[in-house]
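These notes concern the structure reproduced below.
Which chain is which? They are A, B, C and D, in the order written, and residues in each are numbered from 1.
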Amino acid sequence: MVTFPGSLDDRDAARAVRAAGGEAVALWHADPWLHDVDAVILPGGFSYGDYLRCGAIARFSPVMASVIDGAHNGMPVLGICNGFQVLCEAHLLPGALVRNDHQRFVCRDQTLRVENTRTRWTSDYREGQEIVVPIKNAEGGYVADAATLDALEAEGRVVARYVDGNPNGSQRHIAGISNEAGNVVGLMPHPEHAIDALTGPGTDGLGFFRSLLGVPA
Amino acid sequence: MSPRVDLDTVEVAGETPDRAQPFKELGMAADEYARVREILGRRPTSSELAIYSVMWSEHCSYKSSIVHLRQFRDKAPATDALLVGMGENAGVVDVGDGWAVTFKIESHNHPSFVEPYQGAATGVGGIVRDILTMGARPVAVMDSLRFGPLQAADTGRVLPGVVAGVGGYGNCLGLPNIGGEIVFDESYIGNPLVNALCAGVMRADGIKLAKADGPGNHVVLFGARTGGDGIGGASVLASATFEAEGETKRPSVQVGDPFAEKVLIECCLEIFAADLVVGIQDLGAAGISCATTELAAAGTGGMDVRLDLVPLRDSGLAPEEILMSESQERMMAVVTPEKLDEFLAVCAKWDVLSTVIGTVTDTGRLRMTWHDELIVDLPPTTAANDGPVYERPIERPLDQDVLVQHDGASLPRPTRGDQLRATVLRLAASPNLADKSWVTDQYDRYVLGNTVLAQPEDAGIVRIDDSTTRGIAIATDGNGRYARLDPYAGAQLALAEAYRNVATTGARPLAVTNCLNFGSPEDPGVMWQFSEAVRGLADGCQALGVPVTGGNVSFYNQTGSTPILPTPVIGVLGVIDDVARRVPQGLRADGAQLYLLGD
Amino acid sequence: MARVVVDVVLKPEILDPQGQAILGALGRLGVTGVTGVRQGKHFELEVEDALDGDALARIADTLLANPVIENYSIRRV
Amino acid sequence: MARVVVDVVLKPEILDPQGQAILGALGRLGVTGVTGVRQGKHFELEVEDALDGDALARIADTLLANPVIENYSIRRV
């Protein structure tokens, strides 16, 4: 679990990892050593205040050099919200995330359809399963050129889509995508806020963390 | 920067007793100025005048309200829940199992009118630092807002910026917003109210206080650099003393940097965990003037400060301006020599600028130098605690009787079904009653993973930490129309509503905070509203057995001679032993029975 | 039809957290030689030729910039 | 010492909700004659004279703009 200055949901994501039965290890942005972890989560928040562009500055932190290496070597990496933005800025995932079409920050419970269950982070779900997970972002609209979008769809790399209303103007209702190998996933919604019915809309988000722990590395 | 040739030093002040000083422009009365001269036995230097003028302002000294606010202490019910009472940055309440909670509400009304986004954002930033200063991790924010009618042009300008500012700053800090209010009324055109509440959690043995104890200890300024924010007043001083032409009036707008505050929070929490400070104070409205005088007054009593060491954003700032700057995201700590290195190392880890600017002394004097020249030499308690106190004239307005006579009995009432239907629809569509998710959906309520109740519930609940089942419930309420009709009862109704909202979640109400938004204290009618509201609140708290732990007064909310509706906003905090047992509102089961309690 | 560019920058005395963050990032990237960064907004407007300078100034003043904290410049390109 | 301006704009094919919103607001304000608005970013850099064009392009390319969605222009002023 990486903490950048300005990360906010790092403790939440660590809690989700523990809830799924894993051990959460804190990684610090300035420390390039990944402490021999099996997978990395880039949490939500406003790294470096999200000044300039979301994720643009975090992408250059020392820890990211190691994360990029690891991702290329097949290590599972999940970027949630701001983490998704960092992954796009780091070119581990194609496209970019731009300001919501309605221009406001939006926080709400969102229904998603899981479309690709072959990634390291989604194998615990059924294909087509609908889940409810909070979203909260101001710059969550996924954009890419038409060729990239077509390729993502053709290769089944759209991991999840928004159903019942697109909360931010994301192209083709994309809520999350993966890289070709399926080890790197970026998600705009926050599964770490849906692991306990007491503090979230339900427990639908746990599957992302369970998926990782269920598949042998 | 080289020392100023015509620096107004203590020595110069002694030699030029008759030099005219712009105390009026700084909002100081002639007799207040005379008292400063009496305290010092000479005329103040321009830097000393800067300090006294801000510390004795209504905003910092509560000079018009303090005689009334004392009732909160005098009538306080006996309670053993109170760990720190009124007078500190925020009160602290014992919530059991060694946990303590601090909470407070504060206004940022005028700045939000001038620059809605930044005004609201820095309002949130300021109250969060107040909570942090007590040694607590901030865990939730709430906001209580008042605007003119939805259709008014002023509302169209102010409202979107205020909501975006509250959200922008709070979301970026990673603090869940768990509730608040938004009310529309004519009287708030040109006088929007932006009251922000923050709650924080700590171990009861980890409370930090704002005091500079221990001669020889270091005074460290850390956080953002000091810039020309909010020093409209100080430029009068600077120009009157060294640049007769005067530079362009500096902006009174403070710009917030939530990212800087977020790292400041994490940095402070690490500093607290390692027990690295003797005392700590946030820099709010009166900036360095307030932090130095209050820390010294509450501690050993003296402090030496080298003002030229303050890191600046704008190298041209004069000492008077540095003293009055309201730059955000700054803190001042008192650190022992043994712990200084460790303190500075934590700051470096978080990339937080930290600078030793002074030393605690036992001289009973606050002394400041500017490039080795003495520019301030005063007894800090005189600035921090012994400000002027006014018994403002109070008079029940003449129109009050007429107003109250209209008890509504003569208003038309719906009698038929279709009329009732139309009335219900009109009420449901009124902005004051309609769904508020268009506002609350702009606030993050999930972050930190401890939010158990939030919008649209009448009270928010957060679990205080995920190692426990214990939680706190908070509600804020206020009704200016009731308070206008009867300020005494209006304040009590607001208290009772917030109290009920907390109680119905299953939490036990423990403590009260309040933000008193009124017109000009120089208007005897307004002062009557104020004194009645305070009396009502104090009596109400006594009857309910919950103490007032802190709050804030905002006067001068008026356009011309027309004040806003008197608007006491009351926050009640309660504790719930097991958050899983909280009671949400709404009917959750088919066949459930409805009961009406009370008469 | 003409194209007009309006650049909006924070007044020099106003804190610019974004510029600060970029400067910090450049330092961490090992880029030397940049000593200051201020971030502002850049607007490109398509306007009819009839729209005069006064009208443009009004647009900049009321909508594109907040004169309390920002300055702007207008140029036709 | 030199001052360099870098303007960053969204590529034409990328939707610009901020520009759209401004256009809408102009309409509501009764301003006619503006037919298009795009919003971008404007950076003012203080740089040492030794910093050459290549170095500036690298800064713009890697940090100030995201080439996936944005174009930039650099000018010394």
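In this text, a contact is a pair of C-beta atoms (placed from the backbone, for glycine too) under 8 Å apart; a residue touches a chain by one contact, two chains touch by 3 or more.
It should be emphasised that the depicted structure is a prediction, and the values quoted were computed from it without experimental measurement.
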| item | value |
| --- | --- |
| Pair of chains joined by more contacts [C-beta pairs], A-D or A-C | A-D |
| Centroid distance [mean C-alpha coordinates] between chain C and chain B, Å | 33 |
| Centroid distance [mean C-alpha coordinates] between chain D and chain B, Å | 38 |
| Centre distance in Å when chain A and chain D are each reduced to the mean of their C-alpha atoms | 28 |
| Residue numbers of chain A (touch at least two other chains) | 48-49, 51-52, 56-57, 60 |
| Residue numbers of chain C (touch at least two other chains) | 17, 20-22, 24-25, 29, 39 |
| In chain B, residues with contacts to at least two other chains | 257, 259-260, 351 |
| All chain pairs that touch each other | A-B, A-C, A-D, B-C, C-D |
| Contact set on chain C toward chain D in their complex | 1, 7-9, 19, 22, 25-26, 29, 31-48, 50-51, 55, 58-59, 62-64 |
| Of chain C, residues touching chain A in the complex | 17-18, 20-22, 24-25, 28-29, 39 |
| Residues of chain D defined as touching chain A within the complex | 10, 13-15, 17-18, 21, 63-64, 66, 68-69 |
| Residues of chain A defined as touching chain B within the complex | 5-6, 8-9, 11-12, 15, 44-46, 48-51, 104-108, 134, 136, 138, 190, 192-193, 196, 198-200 |
| Sites on chain B touched by chain A in the complex | 164, 167-168, 171-174, 257-260, 262-263, 266, 350-351, 440-452, 463, 466, 579-580 |
